[in-house]
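Read from first to last, the chains carry the letters A, B, C, D, E and F; within each, the first residue is number 1.
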Amino acid sequence: MIDAALHIAFAAVSLALMCNCWRLMRGPALGDRIVAMDTMVINVIAIIILIGMTGETNAYFEAALLLAMVGFVGTIAYCKFVLRGDIVE
Amino acid sequence: MTLADQLVIGPVVLPAMTAAVALLVMRRRRRLGAGISLLGCILTLLAAVTLFAQASDGMIRTYPVGNWPAPFGIVLVLDRLSTGMLMLAGVLGVIVMVHAIATGADRRGWHFHPLFQFQLLGLNGAFLTGDLFNLFVFFEVLLIASYGLMLHGQGAARLKAGVAYVIVNIVGSALFLIALGLLYGLTGTLNMADLAQRVAQVPPEDAGLIRAAGLLLTAVFALKAAAVPLHLWLPRTYSATMPVVAAFFAIMTKVGVYAMIRVVPLVFGAEAGAAAWVPSPWLLPAALLTAALGFAGVLAARGLREQAAFAVLGSTGTVMIVLSAWTQPTTAATLYYLVQSTLAGATLFLVADVVLRLRGQYGDAAVAAPRFAGQQAAGLLFLAAAIAAAGLPPLSGFIGKLLMLRATTGTAAQAVIWATILLTTLLAVIGFARTGSTIFWKAAEPEAAAITAAPLPRAAFLGPTLAIGALVGWTIFAGPASDWAGSAAHQVFDTDAYIGAVLEPAAAGRTGQP
Amino acid sequence: MRKLLPHPGLSVLLLVIWLLMVNTISVGALVLGSLFAVVLPRFTAPFWPDRPAVRFGRDLLVYVAIVLFDIVVANFQVAAVILFRRNRELRARWLVIPLDLHTPEAITVLAGTISLTPGTVSSDVSADGRFLLVHALDVADPEAEIARIKQRYEARLQRVFV
Amino acid sequence: MSLEFLVATAIAALVAGGVYLSLRGRTFQVVLGLTLISYAVNLFLFAIGRLIVDRPPIYDKAVVEHTDPLPQALVLTAIVITFGMTALVVILALRSFLESGSDQVDGRVEADQRDEDPRP
Amino acid sequence: MTMVVDAIIAALILLGAAFVLIGSWGLVRLPSTMERLHGPTKATTLGLGALLIGSMIFFQARLGIWTAHELLICVFLFITAPISANMIAKVHLHRLRTGAIVEPGSIAGDPPPPGGDADWATFEAPHDGPADTAAGR
Amino acid sequence: MTLLVLLLLPFAAAMALALLARASRALHVAIAAVASAGGLALLLSMAPAVLAGERIAAHVPWIPALGLDISLWLDPLGLLFAGLILGIGLLVVLYAQGYLARTEATGRFLSFLMLFQGAMVGIALSSNVLLLLIFWELTSLSSFLLIGFWRDRADARQGARMALAITGGGGLALIAGVLLLGQAAGTYELPGILAQRDLVQQWPLYPLMLTLILLGAFTKSAQFPFHFWLPHAMAAPTPVSAYLHSATMVKAGVFLLARLWPVLAGTDLWFGLVATTGLITLIFGAAVALFRDDLKAILAYSTISQLGLMVMLLGFATPAAAVAAIFHILNHAAFKAALFMNAGIVDHETGTRDIRRLGGLARLMPLTAVGGTLAAAAMAGLPPLGGFISKEMMLEQSAHTVAVGQPWLVPALATIGATLSVAYSLRYALGLFFGPTRTGDVPAPHDPGALLLGPPLLLVAVALALGLAPMWLAGPLVMQAAAAVTGSAAVPVDLSLWHGINAALAMSVGAVVAGALLLARYPILERRVRGWRAPDAKRMFEAALGAFVERTRRVSLAIHAPSLQRALLMVFAVAALFAIDGAGVPGAIVTGTRATTPASMTAVIAWLLLLVATLAVVLMHRHRFLVLIFISVIGLVMALAFIHLSAPDLALTQIAVEVVTILLLLLALHLLPKTPRALSSVSRRGRDAVLGLFVGAATGVGAWGIMTREQGDTISSFHWANSYAGGGGTNVVNVTLVDFRAFDTLGEIIVLGIAGLAIFALLEPAVRGVAGRRLREWREDMPHSPERHPVMFVMATRLLLPIALLVGIYIFLRGHNQPGGGFVAALVFAIAILLQYLASGFDWTDERRRMGEHPLIAFGVLIAIATGLGSLAFGAPFLSSSFGYFHLPLIGEFELATAMLFDTGVACVVLGAVTMALSQLSHVAQRAARQPDEGKAS
């Protein structure tokens, strides 16, 4: 049952990734692309968790943790760049 | 392990510590930092000399870093070749450092001393290591330090040239990694001795990949050595950087040559099947072109730095011409000339630096300037440097060329090789005569602007003089030097001894004299 | 005390995080965790000069519980909107919420809460810090929504941040 | 499709893009090209240890099959070195631009910010 | 018992994955940028939340390991996600105001001005506002 | 030993002179004269023994590997030659004291002269041909210096360069020839070589070798068509001309021919090349000399002609011809040196060397006139001077020589040569000393002092004595020398003025008469000759060389145009070429036998994402900001791939590095153009795309090939097996990094540290000068929001800082056993700090930081090294690790490993370098703004 759920979940998250990809390429606004990228980070965290469950290992936990912690830094930096040009003032 | 055995890591650890200490000290006390840096260079040289003496008994010593046995850990290999190169780097390091301090070049930008020490470290590590990936790492160390040094000082031209230099070498590093990857993927090892054994046993279906790997690896070395057509980065880089830095860089191309000497006979030697002597068909034409283009550049150059840069290119080409025969005698000749051409190239740059400083706004350009102080002395130094670089008697360049010509006797391409070596010598002679006579003999018209240059301390002549002293030494002791080259070449080609020493250090015996 | 523990709440949070990370509640973990919980806030104190006055207690717990509950509910509501509502029937609105909170910490927590509950995103704060701009995906009555936010979240936060 | 195919084609695509970009005329593009190439090289170096799914190189006596840890260590070293190089080359490119007013790698040095495309 | 636990785990996994997908689907189909900004919040909160809790139970049930790591990931996401949303919204407001975006930015139209004298911080530097005191200026 | 002293004496003198360059002229002359005289004395002390048939030799091993030893010998030929060099050298030194003005740098001049003398003595004494080569090239070098002595004069510089180019170039041919000779003979020692005549002459490469050696000899001895450098070498001070270009250096070629005569001569090729060249040169030089007006040019061309004579004689390859050649060497040395000194006196006293402006000097300068006239007579070959005898001998030899089957050809041409010699010699003497008085720039020139007059008169006396008492003065020497040349025991020598009436006498008389007639008709002849436009060799040479240099330069510039694109193109092209080479190996296959792993849907989609993002980067590369977003998507997919493929450490590192890289690129992009114009043409883009696709495909195929092969035995199985037991950690990757391959990691952090330092060095000065001005003048290129520090962001980062530090510590401590480690931990620290910069600005953050980056890097390296050195204390190699498990009450069991200390060093360097790079970059613009604009002032 869990295996089936995992399979479905993988498929769902993968589809989600494709949705993000579409929005990333389509735009049209810069904000759209940044949102798409930001969402992608979340989706990848989801995939990592699913991989962890599939492999019954918690070896990838740090990666997910790190992504959760620093994944948004990129997003912020892109935003700051559009807003201010200079991301560190 | 006794402390004497531990000395092997001296050439790596000493510059690293000197760099760190200098970095800390320089912030407050510049002179002390410079002194520490010089001391570090001298200590490194002393370590190299001791190691050279150790290796002169013909035994190949190994040093398992981290106490992990080869091929699993990284092993340093001490033989005649590696210790000789260490000594060359050490001598060059001291000379260039003396010059940098004497002329104040080290104060023209930030972090000269740490960068210099790190570059020395990278060189020494590259010479010592017996592990291919570790070689990559030390290549990177010496490269990135060279980027820093290359950009030392100011100037838009230097920066533009620097961008090109850095980027080309980054691509080169990528190729290195691809080659390494292929080799590890096919053989499962990184240790060069182990690699030698395993490459020889590669099944025929892997021959194509192994061959490609070997070629790529040589291409990387050729890029460092600036073989045509991978040489395009060199002239601009060397002539744009500060001469004192370029003087140190004279050894950089030779690192590529060293790597070829170290790796090709060992790993891609006669037993390597489809990968046997992989670079051979390509190296000779490339080297001939390199020598030709290099010395043509010497002929056509309009400034001393440009000329020195092309001289370095040409001399490396000459080295590779002879090396490409891949025999023991040619390798021996190569080694002798390699040392000499490194020193000669460095001397040219140091002299160019002195001239540059003496002639103020006239710089090192081959145009007439008013008479300037120190013209005689600088002219004499240039003469000696040019003699060495062109390969005229009585300095070691000539002996090196004789050795090389003799060693290539009977090779298939003897005629082309001889013609190239001799004709390029003529180009160099004419080229040096042209610039030298213009700069040191010709006087500008009386109405030419007077030279505005800060007075140069006499110590500024010390570096070039030391360098020429080294060349004179290499000439006078050409007998022992060529013996060293011969026995080092013998060790290079005695791959069984190398493999035995690295993989079974306990069982390894003495290798005989050639 | 202020010198030793510039942000006591932070110290507790750090200890909890440490225990979550090492995933054991041994004495060793506690000791090491406490050490970090004390040292790190002190070490980073210059970066957090002000000391927000926070009352840790029932109000905070209730607040957290409400937010979590709202998040779940809002998720389903918004899922329905995304899946079934046609775009032209979407009632997206800007909400301008006048703020009674003043400290930046409190405003940040409020704005964060609003963003975390699906359907609303805190977009900006006015230059004088007295208004919060919120974008709502689908609201029928903006005034009611503003009132709901003020009453459900801001009022509670006013009790947490004194 | 096999994972090996995916990885090999990904490497090919990254290298192709990287080579193309690094041959462009401005430093920033070249840096982008180098970045792509370094991704490809890291992937390549990693792939030579063969692809094994879900066998992380954490030592466990019970585990028989495991991924080859050495290429991973090599890639880690390569990533770090590449990062250092990238940082340096980015700043070098910037400094060179500031010094000469042009970010072109070759050719005219006198060009300046008018290089900017007026279109958005 | 195992059956029940498995069912719970499976349900959580499916729920999480579903919300992740819906969030991203929203990104595709919602009409304009500000609306699309709501997508990631969904994925972050219930999507990842359910997955993480599912994973927590999963490790407890399957391996007997009690891991709290997932909670930690939640904590971080809950701290960072609103900041990202806020910043992206600011970008969008800024681009709207400066005319960089041609099409309507939101079906809600342009943002209304705040009451009082000041404009939104994105358009007017915070004067003596919390941000500046916070940044020590 | 004596030989060694003899050889070293001039060099020692040269060195002393160079060191004492500022001393007085008298001391200079004294040093040089003493050295020359001392050498001469030494030589003479050995002469009796040598003439008695003894071979004095010395041998000092130098480079056995090359066969180049300091082997010296003194045989009669060497004795003759060395005697000339030292004897004339002594006279020239004395003459130079009178000739050179007090302001001249006599030290430098005599130093060069002594250097040259040493080189020449070396040539004479070498019994190793390689050693001879060294001295040979050294003569070219020192003559270069001497010709260019008056460095201000363009003709001196050009003459010097030309001489060097020709003689040095010929020397290079000689090198090849001599090496071939050594190869043929199996030794480089002369005695050995000279004994191998048959072997050498039957060697297939003999013609090539001979040609190369002759090239060396002919260029040095100014044989046609390599003669043209010699007249221009006359730009040198006259003592130099007298010494180098008459008596000695130019004879080095003749000497070499004589030296190698036994082994090379006697073949048809030898005769054809040597005799012909000599004959042509004899006539050509003489003809030109006749129509020159500059005294030194007359003498120079006459020298060329006389050298041709000697070469021709050696070309005849008969013992008698050898005797003639040897004797003529002596004669020519005497009279030509005398003539040069004579011309120098005239020049010195009258201020001109133009024979047309001079005349009738016999009345004003009688002693000079006597010397000059006698020397000219010797040159003309008039009795009773030595020149007459040797010319007779020459004519006699040519009379017996048959060329191309024509017995009359050589005698006739030789007579023409002799006729021309008579004519120019008489013109010299008559034109200068007789006829109407013309005194150049000076109203009343007079004989100079003894220093100037003595040496030439002495030489004239010798020339006279050589005619009057040849056997007494030179007989034994010539005989022994000729024997040495021919390699035979003894050669019959009969030197006397009168040999009876024979063909030679007839030819000689005919030549004198014809020469006198020629001179009588000179004005008519001259008018006719002046009409010809004789090619000016120097101009042609300079023009040709100039054009060659110019063309070379253009080619070189075209090849080495400052183009990164070209350099990269070459690298990629070579890589592509090598891939093709590898693919061409027969029997090699690409796809191996290893079973492939099926890909999941997620993998395929991630792959698609990567391809799309890569394509987007390539297609939209000019929209730089946008591209950065795509880049970070690629990075994200990479991280995901690493996780999927069991590489958690890589994923961690990738994630952290990605963030930092993006920050870096954004910081840089701020100051760069955002959307620059496209530069390359469509065709260029097409070419690059094709190349890119090819290289990409090759790399992909390589990866595919490896991945589909079974992995054999790898060294990493050792790492796996020993990670826990030997390295004390379960994360094998981490143990590899900090233990098995810690040396790599040490290098790696040093790379990063250097990057930090280099970046600092690059950006620190960027606020000054042009860059600083540009930074200050930089205007925002896109509309900006006025808000600097969004409040939500600021508040969140305050909370995140301690948390991130805690996570960093956790990752660090765990690294040895689980994914993580010092590098990632340091990046987490760095990102936490950078977040503060991002949120609260540079100044605010910077003043709150505790530790500078420089000490971090320095201490990091020191910690790592010190950790490594710690093991030395236990007798273990550098970087040997140790670890242990400890138990503390309450806390429980924990592990301590030196590797963790090493990792601390790693973390310090990484933190220092990364924060250095980003913080430097992030406030360079602000710093520039604060910098006072010094650019406007300067």
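Heads up, the rule we're going with is that a residue touches a chain if its C-beta (ideal position, glycine included) is under 8 Å from a C-beta of that chain, and two chains touch if they have at least 3 such contacts.
Remember, it's a predicted structure, so these values are computed and weren't measured experimentally.
Visitor: Work out which chains are contact partners of both subunit D and subunit F.
Guide: Expected: A, B.
Visitor: To reach subunit D from subunit C by way of touching chains, what is the minimum number of steps?
Guide: Shortest path length, in steps: 2.
Visitor: By mean C-alpha coordinates, which chain is most distant from subunit F?
Guide: C
Visitor: Go ahead and note the Å separation of the Cα centroids belonging to subunit E and subunit F.
Guide: 69
Visitor: So what's the Cα centroid distance for subunit B and subunit C, whole Å?
Guide: Taking the mean C-alpha position of each chain, the two centres sit 62 Å apart.
Visitor: Hey, how far is the Cα centre of subunit A from the one of subunit B, in Å?
Guide: Subunit A and subunit B have C-alpha centres separated by 48 Å.
Visitor: Taking each chain's centre as the mean of its CA atoms, how far is subunit B from subunit D in angstrom?
Guide: Computed value for the inter-centroid distance: 29 Å.
Visitor: Would you please write down the residue numbers of subunit F that are in contact with two or more other chains?
Guide: Residues 562-564, 566, 568, 572, 644, 648, 669, 699, 702-703, 706, 711, 714-716, 719, 740-741, 744, 748, 751, 754-755, 758, 762, 769-770, 781, 785, 787-788, 791-796, 799-800, 803, 807, 818-819, 840-841 of subunit F touch two or more partner chains.
Visitor: Residues of subunit E that touch two or more other chains: which are they?
Guide: Correct list: 18, 23, 25, 37, 39, 44, 67, 69, 72, 76, 79-83, 86-87, 89-90, 92, 94, 100, 121-126, 129-131, 134, 136.
Visitor: Residues of subunit C that contact two or more other chains, please.
Guide: Expected reply: 17, 21, 104, 107, 111-112, 122, 125, 127, 129.
Visitor: How do the chains pair up in terms of touching? List each pair.
Guide: A-D, A-E, A-F, B-D, B-F, C-E, C-F, D-F, E-F
Visitor: Touching subunit F in the complex: which residues of subunit D?
Guide: Touch list, subunit D to subunit F: 1-26, 28-32, 35-36, 39-40, 42-44, 46-60, 66-73, 75-77, 79-81, 83-88, 90-95, 97-99, 101, 103-107, 113, 115-117, 119-120.
Visitor: Okay, in this complex, where on subunit A does subunit F touch?
Guide: It comes out as residues 10-11, 13-15, 17-18, 21, 24-25, 30, 33-34, 37, 40-41, 44, 47-48, 51, 59-60, 62-63, 65-67, 69-71, 73-74, 76-78, 80-89.
Visitor: Give the list of subunit F residues in touch with subunit C in this complex.
Guide: Residues 787, 791-792, 794-796, 798-799, 801-803, 805-807, 809-810, 836, 840, 845, 848, 850, 888, 890-892, 894.
Visitor: Would you mind writing out the residues of subunit E in touch with subunit C in their complex?
Guide: Its residues touching subunit C are 18-19, 22-23, 25-26, 29-31, 34-35, 37-39, 41-42, 44-46, 49, 66-69, 71-72, 75, 78-79, 81-83, 85-86, 89-90, 92-93, 106-109, 111-112, 114-127, 129-131, 133-134, 136.
Visitor: Which residues, counting only subunit F, touch subunit A once they are in their complex?
Guide: Going through subunit F, the ones touching subunit A are 600-602, 605-606, 608-609, 612-613, 616, 625-626, 628-630, 632-633, 636, 639-640, 643-644, 648, 651-652, 655-656, 658-659, 662-663, 666-667, 669-670, 780-782, 784-785, 787-788, 793, 800, 803-804, 807, 811, 814, 818-820, 824, 828, 831, 834-835, 837-838, 841-842, 918-919, 922-923, 925-926.
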